[in-house]
Amino acid sequence: MGDERQIIAQRAAKEVKDGMIVNLGIGIPSMVPDFLGKDIRVFFQAENGILGMGPTPKENADGNLSNAAGLPVTVLPGASYFDSAIAFGMIRRGCIDLSILGALQVNARGDLANWIVPGKRVPGVGGAMELAYGAKNLIAVMNHCDKDGKPKIVTECSLPVTTYHCVKKIITEIAVFSIVDQQLYLDELMPGYSLADVKNNTEADFSFSANFKAHD
Amino acid sequence: MHLFDKVTDFATAQSAFFDGMTLLFGGFGGVGTPPGLIDCLIDSGVKDVKLIGNDAGFPWIGIGKFVCLERATHLLASHIGSNPTAGDLMNQGKLQVEFSPQGILVERIRSGGVGLNGFLTELSKGTQLEYDKPKVNIGGKEYIYEAPVTGDVGIVYAKKADTFGNLIFDKTARNTNPYVAMASKVTIVEADEIVPMGALAPEEIVVPGIFVKYIVQSKGYNWKWVWETKDK
Amino acid sequence: MGDERQIIAQRAAKEVKDGMIVNLGIGIPSMVPDFLGKDIRVFFQAENGILGMGPTPKENADGNLSNAAGLPVTVLPGASYFDSAIAFGMIRRGCIDLSILGALQVNARGDLANWIVPGKRVPGVGGAMELAYGAKNLIAVMNHCDKDGKPKIVTECSLPVTTYHCVKKIITEIAVFSIVDQQLYLDELMPGYSLADVKNNTEADFSFSANFKAHD
Amino acid sequence: MHLFDKVTDFATAQSAFFDGMTLLFGGFGGVGTPPGLIDCLIDSGVKDVKLIGNDAGFPWIGIGKFVCLERATHLLASHIGSNPTAGDLMNQGKLQVEFSPQGILVERIRSGGVGLNGFLTELSKGTQLEYDKPKVNIGGKEYIYEAPVTGDVGIVYAKKADTFGNLIFDKTARNTNPYVAMASKVTIVEADEIVPMGALAPEEIVVPGIFVKYIVQSKGYNWKWVWETKDK
């Protein structure tokens, strides 16, 4: 499980290109920086009010310097602090090149559900709605199925939707999908998985990308 | 209390709290919520409070400590994920929770703080977070109306305050604090350090003192626990 | 004329109390600080982005430090700079205790006209509308009559209105009026003027304040 | 052009200007309007420009120099009192002027800059400045709808910029500049001083570089003339 999450994060890291502004959600997305090449210079934004976050401090964490999940961070040269209104101004305005978020469900049209499981988990929406609305590119990273083995890539979301038509790519431990014009395409299989695995674990109908490849 | 000397003690600040008040609180996941004023609020005994802020904090940090006492009737926030007690109270019908997208909530506070009458957005359109908010048609397109928010009292955490109430903040402890200061009828600032007027450079001031009513000296913050506890 | 303007400013200065936040318009209002007592400590706000303006610099004026009229100023200890949105946020929010503005016409209900003379002068509204809307107390200072000798305290404004029901006091070289619940009251006569002067030069009907006094 | 090096020359910046563009300009009475970029705009020869900014400047300072050339078709501003030529052009039908209350105008620019869809206010209700703006009824009360404003290009004057575009401003030359930077598709900053990343403290930065496209080195400002000319 931990390993699967790392594999997903490692694959997601390939989507981060030099010179991007990137916002990472909690969970799997937060592991992405561990897999970036040295030649990739990006700025990470946190919606609580930082642009230019650096790695987790090894010691002497500053209680007033944390990311949106409340975890201690550092800043790089050129970083800035600002208030939450400006932080979300950047996000809605389209200044975030790439947002990588966790998801509970994604449907074939790119609708994202990740804020509530009615009657069970009620975490609340946080900044997800704005990131999904504003980011130029939104990648959902998640385990392919939920804890009960049910597919999370669905025909219709049974959970309340966070934002419609926003997910552009889905990365799981089994496969990578793209969503273009509200159509779901299989891009590639992840190492160790077959097309049958994808078909057996995906509820939504999908086509194959022009450049579909089984492995990297 | 003169315009140029707003420094007072917690007891005086406490007198601003009252049953049924709408309380705005600064902070994001507990970071930047004034710890001394939370204790002061708890100690005041006030009840039936309507809370507005980014989140429900942690049960032991930020507004979370107060939420757990069941003396708040309403909470307007973007999430309560870090405070399971808030979720329990909501499910038991003891706390009415309204969720708002995080950036929309701080803009609602700002809208009240700068004397405007709310704004339009398409952000939550078609989702549960529309609630029964008014829809407004402009040029053939439908938007959600987001109402301004103001507080009877606002509690703010600052790094430094001068005696007039000019404020600067510390890193990510800034978050919603500037707008909470602007949007509250009675803004109470807990500052790590209180300095004379003139000690802050006019250029570095984030919130001008005009928005501040009381300043109290902080005894220090405690939210390093947020993740220290998580790590254990 | 110059002297009259100074007399009006001097009278207006009495309305400035210790501990107030004050915004002054251009023209006569800008002369008010010259007449404040040493014991009156106030903060002047300028809507281009200063709170805590000090006197005009005697030399070495800073090109980037001016009031809303573009004239060089200084700042006092405790002053702050901010952007125009915050400046007007303060104003609309009701943080300005006293605004003193020039006026073209004021009617008996306190409607203010001071932004346009159609077909002639089209300066534009600037910040007047927000000051009139937001200030806790608004005093209009002006010559009692215009250049053609026509009364400026009128039954109905013939010029386009800036803001309705906003003026609380009028100070001219002839008299001081209050407006309470949209009713005009004569408070006092200025030195050298008689009640007849007021009646002859005021178009609007007025009553007498309970504490009406001929001279100070 | 890499994210972390946006410094360029006036010629490259000039290529962002085009006929018919909407241009946002920072500044208040000329103070804070980037003088080199105004000359660059004049030199570009572009015409039919829609201008949006606080005021029409002075005929010899700020946007006023460009306004006098009759190459702008529209001006949205709070006043034109300091530029009689703008008034003449308006009366001759050569320049379409829309007036806005000053604080409402900067909020409209901000609304565009933070990706919102406009806001409600009662400020200009019943006055000529209502124009034909939509009225919105909320809870039985009528408000004026103020639409968001964005620019194809925005020109900004800063005291210092680092190579990423993080900006700080100088005293009252800040005014509308932060929001012009945020609300423009292509934001060009003229800075008195350009410094390496890391030279500005994260806390003092007013506009994060994320909003900036180009940075050019200023040759100095000239608006001390505003009042020097007046005095003579």
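As written, the chain order gives the labels A, B, C and D, with residue 1 at the start of each chain.
Simple rule for what comes next: a residue touches a chain if its C-beta (ideal position, glycine included) is under 8 Å from a C-beta of that chain, and two chains touch if they have at least 3 such contacts.
Nothing here was measured: the structure is a model prediction, and the numbers come from that model.
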Comparison of C-D and B-C by number of C-beta pairs in contact, larger one: C-D
Centre-to-centre distance between chain D and chain C (centres being mean Cα positions), rounded to whole Å: 29
Inter-centroid spacing, chain D versus chain A (mean Cα positions, whole Å): 36
CA centroid of chain B to CA centroid of chain D, Å: 32
Residue list for chain D, restricted to those that touch at least two other chains: 107, 114, 116, 169-171, 202-203
Per-residue multi-chain contacts in chain A, two or more chains: 50, 81-82, 85, 88-89, 91-92
Chains touching one another, given as label pairs in label order: A-B, A-D, B-C, B-D, C-D
Chain B to chain C touching residues, read off their complex: 2-4, 113-116, 162-164, 166, 182, 196-198, 200, 202-203, 205, 208-211
Contact set on chain A toward chain B in their complex: 46-50, 61-72, 81-85, 87-89, 91-92, 115-116, 119, 121-127, 129-130, 133, 160-164
In the complex with chain D, residue positions of chain B that touch it: 107, 111, 114, 116-122, 134, 136, 138, 143, 145, 147, 168-171, 202-204
Touching residues (chain side chain A, partner chain D) in the complex: 18-21, 41-43, 45, 50-52, 75, 77-82, 85-86, 88-95, 134
Interface residues, chain D side, partner chain C - complex: 28-32, 54-55, 77-82, 87, 90-91, 97, 99-104, 106-107, 110, 123-124, 126-129, 169-179, 206, 221, 223-224, 226-227
